[in-house]
Each structure stands twice: as C-alpha cells, then as structure tokens.
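You will see chain A twice below: alongside chain B first, and alongside chain C after that.
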Partner chain A sequence: MLFYTIKRLGLAILIVCLAMLMLLSAIHLVPGDPAGIALGPRATPEMRAEFRALMGMDQPFFMQYFRFLGNVITGDLGVDVWSRRPVRTMIGEQLPHTIALAMTGLGWAIVLGIPMGCYSAVHRNSVLDKLTGVLSVGCIAIPSFIVGLYALLLFAVELKIFPAIGAGDAGDIRDQLVHLVLPGLAVGLGWVGYLARFVRTSMLEVMGENHIRMARAYGLSNRRITYIYALKLAILPTVALLGVGVGSLISGAVFAEIIFARPGIGKMVVDAVNTRNYPIVMGGVLVTTMLFALSTLISDLIAAWLDPRIRQGL
Partner chain B sequence: MTDTTPSDVAIRQEPRFARLRQLLRDPLGCFGLVLVLLIILSAIGADIIAPHDYKALDVKSRLASPSWDHLLGTDNLGRDTFSRILHGGQIALYVALVSVGSSLLLGLVLGMLAGYGPSWLDNVLMWFFDSVRAFPVIMFALAVITVVGPSLETIIFVVIATTTPGYARIARASTLATKNTEFILAERALGAGVPRIMFSHLVPNIVQPLLILASMDIPVVITIEAGLSFLGLGVKPPTPSWGSILNDGYGFIRNTPWLVVAGGIPLIITTLGFTFLGEALRDVLDPKLKKDR
Partner chain C sequence: MNDRDNTVLAVRDLSVDFLTGRGTVRALRHVDLTVPDNRVVGIVGESGCGKSTLINCVLRLLAANAVVADSSSVVFKGRDVLAMSPADLRGIRGKEISMVFQDPMTALNPVISIGTQMTDILYRLDMSMADKRRLATDMLGQVGIPDPARRLADYPHQFSGGMRQRICIAMALMMNPGLLIADEPTTALDVTLEAQIIHLMKDLCARFGCSMLFVSHNLGLIAELCDEVVVMYAGEVVEQGEVHDLFHRAQHPYTRMLLDCDPARIEEKRRDLPTISGSVPDLIDLPRGCIFAPRCPQRYAPCSDTAPATYDVNAVHQARCFKVRDA
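And then the complex of A and B:
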C-alpha cells in the first residue's frame, strides 16, 4: 500500500507539472503579446518591458517554466498586477469560501442522491424507479448555471426565502449557512444525478451477492438487509467517486460564485480574466488543478485501500 | 469499406432500419429526438421563423413581458428575445458541430496512432492526454481567454483541446483490441499499407463508440459555450448567444424574470434532448453498455 501511495503521488505531481508545462507553452504559442493585451493599446514600450520583466516573460521559455515551478514549490505565486499583493495571500483568503461551497454541493448530492439511488435499486423497475432514472439524467444534463439562475430567480428574487447575494456576515455561522443553500444546490444538483445512478448500480450489484441471499434466507427484514447490509457495501465505491466530485465541484463553483456574488477562487479568477490580471489567473488555475489532482489521488487511494486488486494495476 | 458489393449493402441495411425502429420504441429516445429536431430546425430556419430582426433596437419597449408581438418579451435594449434565441441556436449548434467534429477526427487519428504505432509514441501521447485531462475545463478556458481574449474561435479551440483526449483514449483502446484480430492480420499478410489498414479497416470497426461519445458531448460543449458567454467571456455582442441572453437577464433579474427564463429554456431543451438521444443511441448501438433494467 505504501509503495502504491508513493507511486500514485509521484504520478500526480508529474501530471500537474506536465499540465502546467502545456499551459505555459499554449500561452507562448498563441499569437499576441500578453503584455500588450494586459496593459492595453496605450502602453508605452517601456511599460511593456517592465511588465514582462515583472512577469519574467523576458527570459527564455524553459527558464520561465523552471522558475515558475521553483516559485510554486516555495509557495510564491507572484503578485497581483494592479494591487501588487501576493497572489498566495489572495488565494488563501478566497479558498475557504470555495471549499465550503463545494462541500455544501456535495452535501446536497449525498442527502438527495443516495436515498434516490437506494430507493431505485430496491424498487427496481417500478414507476418511481423509472422516474428517478429520468430525473437523475436530467439533473446531470442541465447546466449548473441554469440551476443557479432559476434558483436565484425563484427562491431569492420572487419568493425571497433565501438571500440572493454574498456569503453572509463573517462571524455569523447561521447566516453563512443560509447563504450557502442555493449556491450549493446549483453546484451539487448534477452530482445528485450522478450519485443516484451510481448508488443504484452498485446497490443492484451488491443485492445479487451470496451473503445478501443468505441474510434473506435467515429471514431478516428487507429494510434491515437494504439499509444495514447492502448499503454499507454499496456505499464504498461511492466514497471513491465523491473524491473526484470534490475536485470537479471546486472548479464547477465558478458559476455559482458569480451568480450569487460570493467570494471564492472562481469569482477571483473571472474578475482577473476581465482585467487581464495574468498572475492571479495562473495562480487560480494552478491551485484548482492541484486540488483536482489531489482529490483524484485521494479517491484512487481509497479505492486501492478498499480493493487490493487495484494496487497491482499501476 | 470501400468495395462493398450490392449484396453486402442489402445485408447491412436491414439491421440499420431495425436499429432506428428500436430507437423510436424507446420513449425517452423518441422524446430526445423530437427535442433535438426542434432545436436543429429552429436554428436552421431562424431567419424565416424569427418575427423580428435580432439586432433591431426598440428602446421604448425595453424589458417588455411576453406579448403577441414579442413572444418572449424583449431585452434591456428592446431587442426581441425570441428572435435572439432562434439565432443563438445557430451559434450553439455551430460551436458544437465544429468542435465535436474536429475533436472526433483528431481523437480518432491520434488514438489510432497511439494504438497502432510504436510504443514510444503511445507513451508520449498518453502522457499528453493525461496532462490535458488534469485541468478542470472551465479553468483551462479562463487561462486561455486571459491570453488570447474572448472569441468564438477561442471557445472552439478550448473545447477541441479538452475533449480530444477522451476520443483518443477510446479510439486507442478499440485499436488495441482490434489490431491483432484475424482480419487485420490477413490484411497485413496481403501486403496492405499502414494507412490503408488504419483508414479503411480499423476506422469502421472503432468509430461507433466514438459517435456515441460525440452525441453525449454535444450538450457539454453547448453548455461550455453558453457558460463562457454568460460570464461575458464567450461570443462578442451583438452576436446572440443563449449565454449572453442569460447574462443580460442576470443583470436585470430584479426588473424582469422573462429574460432569464427565456434564455434558460433552449439550453434545457438542448441538453436534455441530446442527452436522452445519446443514452438511447448508446443502448441501441452498444447493448453491452446498457444498464441492467
């Protein structure tokens, strides 16, 4: 297991480094001068040269790449082009909001998705099972920003049940939680569908196994078999799936953060794109890519821990 | 297959119609097909159906609610929302077709090269694909847009760059599974060159799962386009896009709900339509993948 962990960790680091290499080279390959675009047409050549020196763009490509990697390892993500604040501090301020949002989304997915999947598997081929199937495909298909906009319109603007914008008062936990409900739904609804489908499939698999038939032969109640014996086993692969979920929810939070005007990495990066604030975008992309890789890594490790056969595969 | 004899055609056509009938028997597949046709026809016929010029400003009746003159109301500049939605469909379908088509072709070729070519090439390509897949798509898009600036071409580039690895991986796996089958070995024994084996013998045998993936990818791509346009980082105004209609609606959400409602509906119809159709197609074309029901 230790060997597998080390190998898998090395792989994750390598992939993130390669991904960053590709991002930097893509940026180099596209025509156009980032300094010119960032500073606008009225910038003097001296200003552009200063900007390039600040960003390290005046050096050869591989120097830039290794300097970038070196800076990342020491935790230096550069400074905001306009306010000259370190990007690391800015990300540190925004990240907790995004993680809280992703977790709320995941909470919605667990609260709605797992019971839906369980019910479908137990009452297989019933009308409600078919309906759940259609519903979960619908949940997966509908874009999260539509869910967010419609939720905002219905619950915040028309019915005024939930607050529309912001993250709530800094000290007031209850206020912050109320502000998380709608954005969390927007972020998590797609995952409700995923989870419902996934739990249904893995429940059906487990229900066919010998020990469940055995339990049935012993005369245990259906409810007990489903929720105590089958669900416990069926939930394990779901845990691994949830790991991947966290990673994609963090980047999927962009839309919810914009729609509900919440602070967070996504909003920070989108604002930075609009002002061509290159270091912030790079920092945000790097951090979300790393979190994405990290969550995949963790879910792979959980899967390998649960199923020793996977450890041989790498 | 280039040299099909008439009898071959007769044999092959029979199951094809059977499959279509099978697709139509699936109520959800049928439903999806209807929605997709609705969207495609309304986009193609946008110039004829649209009651107003989608660019025409009418400031006096701005943010109007639906009426017989403006079926879905008007936006903040008084432009007819229904006409803008019809023309927005053209943009959405254009982006989807161009980028999904290109990633399919590119993925097919790269995947076959990885599967059929030397193992070093396979390794290089696989590393490349894995690193592309390490990015969250939206973040990758934002990074590219920062440098190149927002435009339709940027969106298409981002979509091609991020979806090609998915096709390539499937094409590679099917190529690996097919390349040592007897008919390919026979083909090689007969002295067929690599391009001939790849394009006239491998392609027909591995293209099917790619087509299923493509039909599943179309709604994803349309979502990416609308999402970036919603953030104001997609197509430039005055080009109508469902995303930019939503963006306008979001800006005026306290004045009128209609812009947000109207901008969302075509996206819901399209994503649901293509997803249901894609699922039904998968069940028909590849019964092995069918979820046990």
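And then the complex of A and C:
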C-alpha cells in the first residue's frame, strides 16, 4: 500500500506540473500581447514593458515556466495586478468556501445517489426503480444554474426555510452550514442522478456474478450480500468516477457562487478573466488543478483500500 | 425407486420451465432422482441437458424467469425445499446442503479475504471470532493449503486455480453438510489437478459422512467417483442405475452412444472421433414421441408417436426406452 501511495503521489505531482505547462502556454496562445490586452489600447510602451516585467513575461518561455514552478513550490503565486495583494492570500480567503460547496454537493450526491442506485438494483423493475430512473435522468438533464434559481425561489423566497445569499457569518459554523444547503444541492443534484444510474448498473453487473450466487448458496443474509459482498465491488467504478467528478463539481460551483452571491474561487477567477488579471487567473486555475489532482489521488487510494488487487499492483 | 429411510435427497417429478422472449423453454421434464445416505450420485449429460438447472433447483438458485411445476417436489431429509419459506431455505443453504461451483476463478469474492469469506459462512454458529478462524484454519489445512493460518488474510487472486477450488471445498464442508453438490468442479482446472481434487472430495466426503451429487460430462470421472449414475438428455433422465451395471449394460441408445464417444474408451486407431449425429431438440418445440427418437439409430414404430415411460432393466437399473419394455 505504501509503495502504491508513493507511486500515485508522484503521478499527481507530474499531472500538476504538466497542467502548469499547459496553463502558461494558454496564456501565451491568447492572440495579441497579454500586456496589451490587460492594460488596454491606450497604454504606453513603457507601461506595457513594466507590466511584462512585473509578470515575468520578458523572459524566454521555459525560463518563465521554471520560475513559475519555483515560485509555486515556495508558495508564491504572484500579486494581483490591480490591488497588489498577494494572490496566495486572496485564494486562501476564497478556497475554503469553494471546497465546502463542492463537498456539500458531493455529500448530496453520495447520500442520495448511492442508496437510490442500490435500491434500484436490488428491486429491479419495481415501481420505485422506474421512478428513480425517471428522477435520475431528470436530475442529470437540468442544468445546475436552473436548479439553483428554482431552489432559491422556492426554499428561500417563497418558503423562507433557507437563506438566499452569502456564505453566512464568519465563525458561526451553523449559519455557514445553513447557507450551504441550497447551493450544495444546485451543484450536486446532477451528480445524484449520475450516481444513482451508475451505481445501479454496476450493482446489477456484480449481482449477476458467480461469487454472489455462491454467497447465496451459503445462506448469507441479503443485507450482507448486497452491502458487503456486492457493494464493495460495485462501488469501485463509482469511486473512480467521483475522483474525476469533484473537478466538475468545482467548475459547477461557479454558477452556484454567482447565483447565491457566495465568495469562492470560481467567482474570483471569472471576475479576474473579465479584467485580464492574469496572476489571479493562473493562481485560481492552478489551485483548481491541484484540487482535481488531489481528488483523483484520494479516489485512487480509496479504490486501493477497497480492492486488494489494485493495492498489490495487479 | 422407493423413498427409503436412508434417503438424503429425493427429487420427484421435477419440471422446470424458463419463460423467454422466444417462448417457454421446457428445461426439465418429470425428473426423478434419489441420493441415498453416504453415496455419491453422478449426473452426466452434454451441455444444455438440464444438469445445472437441476442442481440449482435443489438450492432454489434459479433465475427469476424460471417456473417450477406445482407437482414437483425436492425433498431433503423429509422437508420439501420447494415449499420452504425464505428463512427456512437460508437455514438449509450452506449448512445442510452446500455447493462447489464450476469455476473457482470467479466463485470467490475478489475483494474480501479468504478468512472473512470462510468465517462468514459460520455466522450461524455461536462461537467467538477466534474460534471461527481456528475452524477455518483447520479446514484449509485439511484440503491441503500450506501454512493455512497465515493465508486466511490473503485474497483469492493470491491463490492458483487449484488452490481456489480447494478453498471452495473447504468452505463447502465447513458446516458439515448432509449433501454436497459439485457442479463440474474440475472442468476449469487442468487435467493434472483433476485427479487430486476428485480424490480430495471423495476422501473428505467419506470422512465427514456426507452424500454427494456430482455433475460432470466426464464419463471417466463419473465411473471412478460415483456409486450411482443418472444420464440426462434434453431435460429428461434417460437412464439411471448403479454405476457398474450402467456402464457395462447400458440400455438406452443415447447412453451407449455417449460411451462410444468417450475418447478414453476408444481402443482402435482411427482418424476421427465418433459423434452423435443430429442435434439436441429445441426445448421450446419438443418432438411428440421419445425425446431422443430424431437422433436414435434404433428407433422403431412406437418411438416417434408416444413418449416412453421408465422401465426397469433390473432392480438397480432403469431406462426410458421402449426397447427395455419390449425386451
């Protein structure tokens, strides 16, 4: 397991380094001079040169890359072009909100989606199975911003059960949690549907395997067969899917952050793109990439913990 | 065949249909079978003859589209398995009747350790986990797994195919069942292992005092291992009897042809292996008379119109063929 963890960690670092290379190339591939775009048409050549020097763009590409890499390792993500505040501090302020939102969405997906999928597989072709089928496809089909808007209208404006906007008072955990419920649902509802369908399919596949028939032949209880013998295997593809899914939950968070006027990385990056604030864009995207690499790493480790064949490198 | 007092399993008039999109597949028709105490009964027949349907029916492991006829009964030690509640059925499974499956590579759960899978079977026993593990270790030792105590923590993929089948046998005998059903337990293994596994099963069954229902298409194995043989063809029992009598005085043309096709019994040098011409009848649209008549070289007047009943060849040997009646 230790060897597998180290190997997998190395891979995660490599992914982040490659992502940084692509990120930097993307900035260079933007048509025209980034400094010109950032500063507008009326900037003097001196101002542009100063801007380029500030962002290190006067150096050759690979020098920039290694400087970027070096800076990231020391934790330096540059400064905001406009406010001159360190990007690291700004991300540090926003990141917990985005992570909390993505985790709430993930929580909704796991708490609702997995039991729905298990139930559908065990009670295949029952009325409830067909109903969950329709519901899941509905959940997948509705875009998260629509869910967000309607949840906002229904639960916050009409019923007044949950607060409408903001992230809650700093330091008041309960208030912050209450503020997470609706945006979390908006972000996670599509994934509830995905998981319900996905878990159902893999459960049905596993339930048809020989060893399940053998477990039945030995008189094990239905509960033990379903939740230990079958689910432990059937959950493996879902774990892998969720590792990738966290990435889409984070990008889906942008809409929820805008609709519910919540602070967060997504909203910060969108604002920064509009003002061509490259250090923030790069910092935000880099941190998102790292989160993505981290979540796939975690999902791979969970899969290895569940499946001895992966653990032993087979 | 009378239901004697020392009968472990008595299958009577068992008929099973499968409802499919193409029509009703009449997989088993009026099957009678008896497994006496401490005896090994072999079921032989080609693929699709209903062997697996029969044994799966004994533990009620049939697919959801299977329909068992109302007149059928599967009596295990005086209780009809087909009429049991799910709770009673669970009480029988693995404890009174256990099963060794065909393919040891897929029969064990790949993500649960051998030790857990073995001790899980013992859930009915009121003993500590340490005692259960001791029992599991002991069983693994008996089937010839080296260093059994350490290997309890291992997973199926860490064992070879032969080892896995040994583990399955250990699991099957752990609750000391009255009947062991083996569904072609050596088909997926290579020939050198076959003899080892068969001897192991025979030894252990004798030691544990358990009867065995052994399914195979390998006539040599059946002859070596079994006391009684049941020959099945297209969902019917065509001939059954004491092993020596049946192999030496086979009456049903199908049994004879099956014996002639066994490569191990061919003595003269020849270029091609003998086969039974024609193919297995469609189980959706059955022929009117004898099920084997379309392929039978010895068929005569009554065969294509009326289905034969089972006739006694002698006290220990019956065949479903008009030739036996008319002999």
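To be clear about the criterion, the second predicted complex is superposed on the first by the 255 of 314 C-alpha atoms of A that agree within 3 Å, B and C clash if a C-alpha of one lies under 4 Å from a C-alpha of the other, contacts with A are read in each partner's own complex, and residues count from 1 in each chain.
Keep in mind that, in the parts below, a contact is a pair of C-beta atoms (placed from the backbone, for glycine too) under 8 Å apart; a residue touches a chain by one contact, two chains touch by 3 or more.
Please read these numbers as outputs of a predicted model, since none were measured by experiment.
Put chain B and chain C next to each other and count what each touches on chain A; the higher total goes to B. In the superposed pair of complexes, A:Asp307 makes contact with chain C only, with no contact to chain B. Shared-chain residue A:Arg216: touches chain C; no touch with chain B. When the two structures are aligned on the shared chain, A:Val178 is found in touch with neither chain B nor chain C. Looking at the shared chain after the overlay, A:Thr201 reaches chain B, while chain C stays out of its contact range.
Of the two partner chains, chain B is the only one touched by A:Ile146; chain C is not.
Of the two partner chains placed by the overlay, only chain B lies in contact with A:Val137; chain C stays clear of it.
Looking at the complex, you find that chain A touches chain B at residues 15-16, 18-19, 21-23, 26-27, 30, 32, 34, 37, 125, 134, 137-138, 140-143, 145-146, 149-150, 152-153, 157-158, 201, 204, 247-248, 250-252, 254-255, 258-259, 266, 269-270, 272-274, 276-278, 281-282, 284-285, 288-289, 292-293.
Only residues 28, 127-128, 130-132, 134-140, 142-149, 161, 219, 223, 226-227, 230-233, 246, 249-250, 253-254, 257, 260-261, 264, 267-268, 271-272, 274-276, 279, 291-293 of chain B touch chain A when the two sit together in their complex.
Against chain A, the residues of chain C that register as touching in their complex are 59, 61, 89-95, 98-99, 101, 103, 106-113, 120-121, 123-124, 155, 157-158, 168, 171.
Put simply, chain A touches chain C in their complex at residues 209-211, 213-221, 224, 228-229, 232-233, 236, 306-309, 312, 314.
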